[in-house]
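Below, chain A partners chain B and then partners chain C, in two separate complexes.
Up next is the complex of A and B:
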């Protein structure tokens, strides 16, 4: 008789999910190794720019985690989560740009014969920031840009609210499947097109730049800043992994997986499917936004192209290749594919000369990625994460319900118990 | 006798085709009822209307002692009010274990935040074990429900209905595809359930209906053709004409 299900789980949460402990262990080890090898902290084998690449990759892993929760677990193929990632980046970028420009303007006006008025400083900052789009006044959207806490709140609140309103409208009308994907894609396209305009108030296609220079910290070298951001990204990814594991571990996870598999049936069980979807959609949008807020100071620049629909499609590809429905699968997929992509598109991959034609990986990488995506979808739907299943199943195959002996008519488990 | 569910004057049409036509139906709080009828008689649409999947064009669906209308509620609210439904094709969550399926259906607060913090208590586990025992799946609790046989899935779904603890069970063809022994067990489960709650069984199989030994409602072209004991309705001239075809 099975005792496991008959008693409430007594072990602490972490002990019941060994995958989570393993993941946190590997992440900690990775962070330690990179720190020791990094230029800004350790012996300097890893260059500052590569530390930044690794830090950015951790942020991408975090947004992949969000995508896996919303798609792999809840079955909502959102093609708009990179929009939330981008909004998070813009929100933090506005403060970074404002605060740094403020320091520059104040110091340049300090030599003037008369002390500058606040209006003069504000005008100076505005013309510095908006000169490129031919404006010299602050648009209303920058009202809180002077305040770090407020912009930090905006990182969470703006994408959260957008996801809440969008999700409420979409889920309430019971838009599902491919139609929902199209709708989310339309949302991110509309947002990108809006931001491309010069009068959007966010510097049009120039985007926000110089984000790697933290205001007031000019004396600290980039090598140190890069490793601190790397630590912050690792910490955020670790926390996000723990929270996501907790969300999917209990009955909530059971409900959202049930929604993924048969939405109508869940409704007849008395669960408000819309409320659950809205919760997951908003929650993952916030995770994506936090990841974005950590990503862009490392990237240094954000522009509307980052929000374009293709970014969200890449996100879905990472998760599919890594393995949907497994948190670590999403992380592996994002890390593997985005690092590989950096390698191929960075011009480091050797060209292949076929005589008549040379394969230049900068151009051909997307084709390779597309082919691998199709191949994974058809031949290995469980993705890279599925390899771990193969290993664990080989070690302890589940023979419950099988005959106990080799002969036909051997006693079955059920009969033996009686 | 008090009434649990009262359907009156309900009509619904799909693209001009009247699937349900001025239907009236009543059931008490602890009663078994079999609904029979030829294909296209509106049996499934009838269940769709009660569970909120389909909104009728006209008519009333009143529920419980306070006679609240079910028509203004959505599917999940109706289910929370105490209507459980079993589909014709067994629909269990195949990717989850038998225990998870039962725990999912177990009567508890269903709002997202309550579920997020939910951890099963001893009495929840006892209830799951008790129901698993009833449906003969106690030894299968840890198995993925997708691995179960067809009959076991049907039972699991009945078990999920029971753990929902509804006041009214709507059961669509519970015995389809079952062996005689499995049918026997299913009959027992339903008869047992009907002692404390209302059970409506839609069934084609006359032999199965006879074993349920309950009042029978015959549907034809979306309205009630006859109602009474099985012997009564099978001797009705019109029933013989449209349904039994003999």
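Up next is the complex of A and C:
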């Protein structure tokens, strides 16, 4: 064997992960089609609300991507990523709400005989925002709400720091597997319960509302804003996909997959397992938060129920149904399940009449989802993305029946070649 | 003709009058007493009536009580001619039925116009009522005496004190006597004449937990804060924050009021002169400093009251001394009351700790009940069952359905407990056969699959039973609380849950350590292959164990449903806490689960006590604490050692 065979020249990463190019192509095409069909700049076949639904779905795909990276590739079943998603939404929502209320308050105070002082404006905004929870002063966590750049920084920093601290505590004490899942779920529950209080400073269970009205952009129709947000979501998803595929296709990716498959061995090989896990956990938390910051201006309202543990469980459901350990699988799963869910729960699905009993999908959809989730877990652990494997397996060499699923999987032959 | 008729009626009235006059005895002691105070009684004035009521009340006459009662209900009349007092009831619009004031004997009827009704106003009726209390306190009927005491406890007056003192010695019932004595001391605290007896009464209550004692003492220690150039003798000086001190001076008109932002704005608005105020451009008045400057200019021109500056405040405050005085009691009494309250406070704090401990134990038993099933499936089998909460919910709904069929609450609970066990046992076995069996050794996927089951079961319950909460009513004998004293009490349901938790601990220990099933379960847990080579069927054991754990969850559901509402989402309220309990306690050890439940329960109660307004915050902090706890004992309080730990 020559040196070349042991250390072949590294291919550009796009070539190492061809699925990325395909995905970006499809995403671009989809964005183009939606833009043409939407009301904002196109022919108006798709309603504004559906454009928003599609934009939100892209954000959900992005958080699913993060979930896939942390769970499908690194083996950490985090039940807290929707909490990071929500924190991102809260961070951007605080600025949106502050800035919009500031405009309203300033314009109403402009009619007063004296020009308003900063304190008067601030009091006016505070009583507008916190009237519902019976407070009229800004809690300390709103200190930076007036500044768009600072709140944008908070979108990244707050979830990032939370994930860093939580992950450091959890990984250094070697909490793994189901224990870690339960611990992340507890973190999510604690956060949701905290936000549910009226004196949390974030309006308790009222949450933040009116986020779809961008401050200072009232003259621009929602149809335009929705398509712009759709583009932004598509761009963010595309970038996140590129970065994630870059992370997983190099040596770093091999290490995190190795951690997933056998943590102890990787540790004995001299890798700092905790550092790798901490990086992935924090990195994906930030992706989730950015997705949340794009999602909630389109949704218009955020409240603590969005952060409740069940949301993170659904996130795991999407990724599992889409197929773990494949970035496009997570995206497919999130898009498929969340759009299907919108279709079923929106009352558009036809009821099934069984004679004595009529299945109304609004009531029975969740049951169907639960059962299909169980079925996917047991019978098709590779999810929808597994269908693509069927095609590629036809062309790839025989592995003598060795399963390459997320748990039993070892180093892939293609990876060994690289 | 008409005249004749009138004459006839007049004659008859006269005859009747003569009749009543002869029938009524005029020289009974009570009638004489009434005659003695006739003027005052007829005048019926709140100010002068006192002596008459006292005379009646203290006369020692048997009839006095009756007279007072009838007087109070406006049934005491006086004959306009003879001035004699009678009881009368209106028969119709013109006729009265008369009764003697002595003994209330009927003495015939008379036309109404010959009599005048005494109409005591509400003030006088109050005085009469107070006088009557004495009679009620001495009434031969124990129930009347108890009612009178309750009335005094609710709304005491000065006059009650004497009446009560007079009624203690004659009391025969021991319980009532104690109550009377206690009430007498309480009233002495409030109404006692001289300080010494009040202080003595106060000191007699040292350490007493009664709410009534604190209610009597608290007003005595009320203080008012005051300011003067020189403090009077004996006043307690206080240090006030400058803002409060100045506000006090303003309230007492000792200093000019601060000029608020609002006043400044209003004054400025009132003095707008075109586009400027006092020579300052309007547009530049967008800061508080600029506004104050403009205001000061106005003040200099005499158009406004000058603003008070910080220096003014400091100078004014220096001139005054601030002190507190007791408002409602002489200082000696107030100090005694304060001491007594301090002593009571300590005692209350101790008892509150005991109460808190009871609360914590009962919460711990609820968590233990919720977690014990999980301790079996997770701890013994290593299977994560996220649908555990839904088994709890299923058990509670089973109880609800049983109550629909069996209306008797006691019987229905007795039926519901085994029914819930059977239903959830079956559900558990079905789930093990259909789902979990395929996923052994893939714990994360078990977690996910059971999530799916959990979501589906929750929605199924919602579809069947609706979203509103369903009641699971406890039998009557579980209503109410065991009250130890005014501070410490615990409801019977919580005691029952505690007992149930103990029973389950016993059951678990018995099954695991003393039965064949337990032996086989332990064998399969430790080494399934070895166990199966010894003739144990691991499949069957896993199925039964899982069913057993689920069945216990069902029974826990009945217990939890008794004190909380049954909803389709009740499982989610317990699942995280249950897992916390098992994880904190240490997996695979029932004593660990017990410790974990105790810790989680006491923690939650303890945090709630620190921040009583907010149980959400308590849960938040508890979870944070547990996350930190896991840092130090990642394998729980009682960690398995050796090979079993890695299994």
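Everything below uses one rule, namely that the second predicted complex is superposed on the first by the 383 of 418 C-alpha atoms of A that agree within 3 Å, B and C clash if a C-alpha of one lies under 4 Å from a C-alpha of the other, contacts with A are read in each partner's own complex, and residues count from 1 in each chain.
Assume contacts are C-beta pairs under 8 Å (C-beta built on N, C-alpha and C of every residue); 3 or more make two chains touch, one makes a residue touch a chain.
Keep in mind that what you see is a predicted model, and the values were worked out from it rather than measured.
In the superposition on chain A, A:270 makes contact with chain B only, while chain C stays out of contact range. In the superposed model, A:258 makes contact with chain B only, not with chain C.
When the shared chain is aligned, chain B comes close enough to touch A:279, but chain C does not. By the document's definition of touching, of the two partners only chain B reaches A:247; chain C does not. In the superposed pair of complexes, A:118 makes contact with chain C only, with no contact to chain B. With both complexes placed on chain A, chain A has more residues touched by C than by the other of chain B and chain C.
Listing the residues of chain A that touch chain C in their complex gives 75, 77, 113-120, 166, 169-170, 172-175, 177-179, 181-183, 185-187, 189-191, 193-194, 196-197, 199, 309-310, 313, 316-317, 320, 363-364, 366-367, 369-374, 377-378, 381, 407. On chain C, the positions that touch chain A within their shared complex are 261, 265, 268-269, 272, 282-283, 285-288, 291, 384, 435, 438-439, 442-445, 447-449, 451-460, 462-463, 572, 576, 579-580, 583, 614, 616-617, 619-620, 623-624, 626-628, 630-632, 634. Looking at the complex, you find that chain A touches chain B at residues 1-2, 4-9, 247, 250-252, 254-255, 257-258, 261-262, 264-265, 267-273, 275-276, 279, 400-401, 413-414, 417. Listing the residues of chain B that touch chain A in their complex gives 51, 53, 74-77, 79-80, 84-85, 87, 91, 93-97, 99-100, 103-105, 110-112, 115-116, 118-122, 124-126, 128-129, 138-143, 147, 160, 164.
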